[in-house]
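Data block below; observations after.
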């Protein structure tokens, strides 16, 4: 292992820079050269890369986004695309890759290992926290806190104006962010993709609550469960109560990473390099109960069991 | 002046609680009773009020929203509504009112003075900063900072993913927030209600910029100028570039107030009480260059001259 | 189990309110009365308590500190003090206690169980993260993030003024906060109570770094390892370089809790009540890898193994 | 005016980067070259400088500190030092200087104009807000908000633990920050250099308050008024009440600037360049009531009248 390449792919996540910094500096500390590859698999195919040194990653640990930039890469889905990537890898004498990203990123790594025997180690960087083999993914803690701060602010107006707010948070297939901010924000209800939801029952509760004098509600909706706009309309149709909609959107991806996401990035970037040096390939790193945990990439991308129902029950009891 | 009433009306704004606290405690310090009126003019009409003491406003200076709650009150627009309000005021022996809110709130005060000779002093509480006679209104500084933090976060993703973001901020008739975050966020362009905008020219710049390698843009749109969704669509139609939309929405109203909004609230609540005690009526308080400034309510609600064009030019030069 | 008492004891920690809210509402949902006991063991001895209802804990989930207040209680260290507490518990028909706090709080519970057969369940609320049986304690995540934000700010000046800063963080026996912010803040060195430190070597590095042009350093010191003031003086004595000292102090205890601390509080308050209802006593609740974990109070207070050396090595490699 | 130099000097202040960005880009937009001078007057004397382009100041508007770095420069106090600076200025064909800093920085500019006829325009960059001719200085709004957030956090613990906290904030000759956070934080008392303080009376109030049940106090001390440590000791000596001390320190200088400080920096950097182009020298720029204001450097450095007593009275009434 003389030269490692590192890339970030998929949606950006806060803490990716901490993982890049760790990958770069840990490699150098072990005498291994480190190539920064820009724009994910797109940049790999297009040979957008340069050798990094210690200072290449100065002053980035507290920055959101990723200095390596990121992109979605449809070309890489096809065999030809991956062939071109493998050619670039060989041409640039890269002996192994550290892939920072989510499921799509890992899937790309699985194919590269299979088809081209290129050692790949995955580092979980996604706000969705939907990767197996780790208690949390880099970026998810920051995203949850960002969404929660927004909910806290909305609560001020919901209470002052006595309104029903429907707040849409990120999560196409995952109700993770929604459920976390639901409990953390003490909201009245949460809609997630993993769970059937009885909107009639909720509207019934609202009308009853309204009679008792409870007239401020916050409903959190994961984008994969429904459009906030649609839910708000249904509520108004069924209850005649006024509603307001907030779609938090891309704000959730950015911002200076929390301590947790930085430390996770620091630990996992180094761990990924360690595995490559030890001759591993097709593995993903994670942290379980504050200890490093390594699984196969194939395992990491399998659907992650969630405890959504249990958390939902807790939230409802506490509201 | 034996008893003063205080209410908050219109949209809530961070710092209203600081103004309430100041109104209450300053009144009491001057030996004047103070009645907290809930839900703005609605509560006034419905006699929702109670005498406040020193502790009624403990631990609220750092809270967003308003403990007096607020509401829009269509009834108060009609003479009968105001008659009922005047009756309630007399019945409760309220000798004067402190009205915390924006233009609509002030307009209500003007009518109350005219029709019923009830002394009213306006305290500017609105995130739009569109009241005459004050350098800034309570809540506007917090709203701008909240929107700016969101822009900073969006910049992380805009840069990492190399995307065009169209961000909609509050401001139905006022481009104040949009222009402030435009300059403060170093964004590429700003659309405000006060200024014609050449979208073709902007799209042309984008295409040219794209060729030179500039592929991350943030465009801020005041809600009164256009829908972010529409602008994004036009950009994509005209440039074929991908866009993302973020509507910041009600998040901008909430949150712990900034120092400036708290201090403004503290100064102006007390000043309003002072004017009532001195026998003034139909005035609005404000701060000009760190000094108290008093104008007629009629003056306060007149269209406020803005320097939007000047600020816009500055922003464009610095981008 | 007809009536449960809940108290917070020791230093306050962000998220304690979330735990109180959960304890209260979960109890009520299970048909168990809940008594809020003020000022920890002091209030227990002095019978400062009242029955809580659902609304007693409204709007507190996002607040720092503890609405139950807290106190250190030397009286409770003595048998007579605990006898009085037991009498009060019996008099008030409290069938079991939820004790939110750290090691000292748990120790009190152990004695109460032993001497008076009062069922006690501990909920880990302390910023030090030094309790066994849980990945983290309520408050530690917020404290680390607060300290980290301060370090980020200090970095701005350290870089601009090219100075050496010695920053003292909380942690009398525990280097947890220091080590976390050390890694998360990308600082140059960390002194913790658990690890011997070679200040001569550090000063030697500083002088060498200074020659190479590295003139801005941040050194983090846990209060239990040394006084920042003393370390700064030693550095100046040994290197002739100017230093600045910052002692973060009590700022680290306060602030709106992070998502993690709120969710932990929510989960563990309910879990503690569950255990009491099931007839358990002398247990402590925690979360291991996102799953509830229950240990004996005696186990919870045993010295917790840390991975300080491993984390220190990582930090040094990445600086 | 073909080439302008820009430097930051004295203590760093958040928003200096926004002012640098504005100075640089506005110069370039007017066809004037712009030289970035590093480390303030020290770098000027040592010829540490380079020509800046548009991209030299990308992505800095939201960063604390100053990319030009800053230093205190005793050499520049002497005539010989200024002679060397003037020689460097001529050698590098710099036709005028933009000086971003506080009183000391301005004083240096005054001498340069007098002795060497070098046009100098001052931009007020200091957290102390003690410059004449401007409602506020760049950095002061951020510093006040940073200190206020800390006070809010300390309040959590002060209330929970029922303690007296003495909090020391920055301000050697100026009680500006102390007074602002005193009012904004709703604290119990404030000690500033501009005002005599009766500590006996305060202790008397504390003892009385304590009897009535008021046992949590926050006292803010400007560093120029007293050492927090000494005040705490006196309180304990006189009242036998326990106290805690927090010295906020350099945290107050850093952090991402508020909207206000960024916009002020943007406006004033451009304005300074404008004045140089118009042939002005020895002027300072500022903003009064949202309008540009220009005064002589000599006027800018004169003692600024404060309304400390008036603000102090307001604070005491509202507590």
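Note that the chains are named A, B, C and D in the order they appear, and that numbering of residues resets to 1 at the start of each chain.
Definition applied: contacts are C-beta pairs under 8 Å (C-beta built on N, C-alpha and C of every residue); 3 or more make two chains touch, one makes a residue touch a chain.
The structure displayed is predicted, hence computed values, not measured ones.
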Maximum centroid distance from subunit C, chain identifier (CA atoms): B
Intercentroid distance (Cα basis), subunit D paired with subunit C, Å: 35
Distance between the centres, which are taken as Cα means, of subunit D and subunit A, whole angstrom: 39
Between subunit D and subunit B, distance of the C-alpha-averaged centres to the nearest whole Å: 28
Where subunit D touches two or more other chains at once, by residue number: 152, 155, 159
Chain-level touch network, classified as line, ring, star, complete or other: ring
Chain-chain contacts as defined at top: A-B, A-C, B-D, C-D
List of subunit C residues in touch with subunit D within their complex: 8, 11-12, 14, 39, 63-66, 69-71, 146, 149-150, 152-157, 159-162, 165, 244-251, 253-255
Of subunit A, residues touching subunit C in the complex: 18, 21-22, 25-26, 29, 59, 61-62, 135, 141, 144-145, 148, 152, 155, 159, 180-181, 183-186, 256, 258-260, 262-263, 266-267, 270, 288-290, 307, 314-315, 317-318
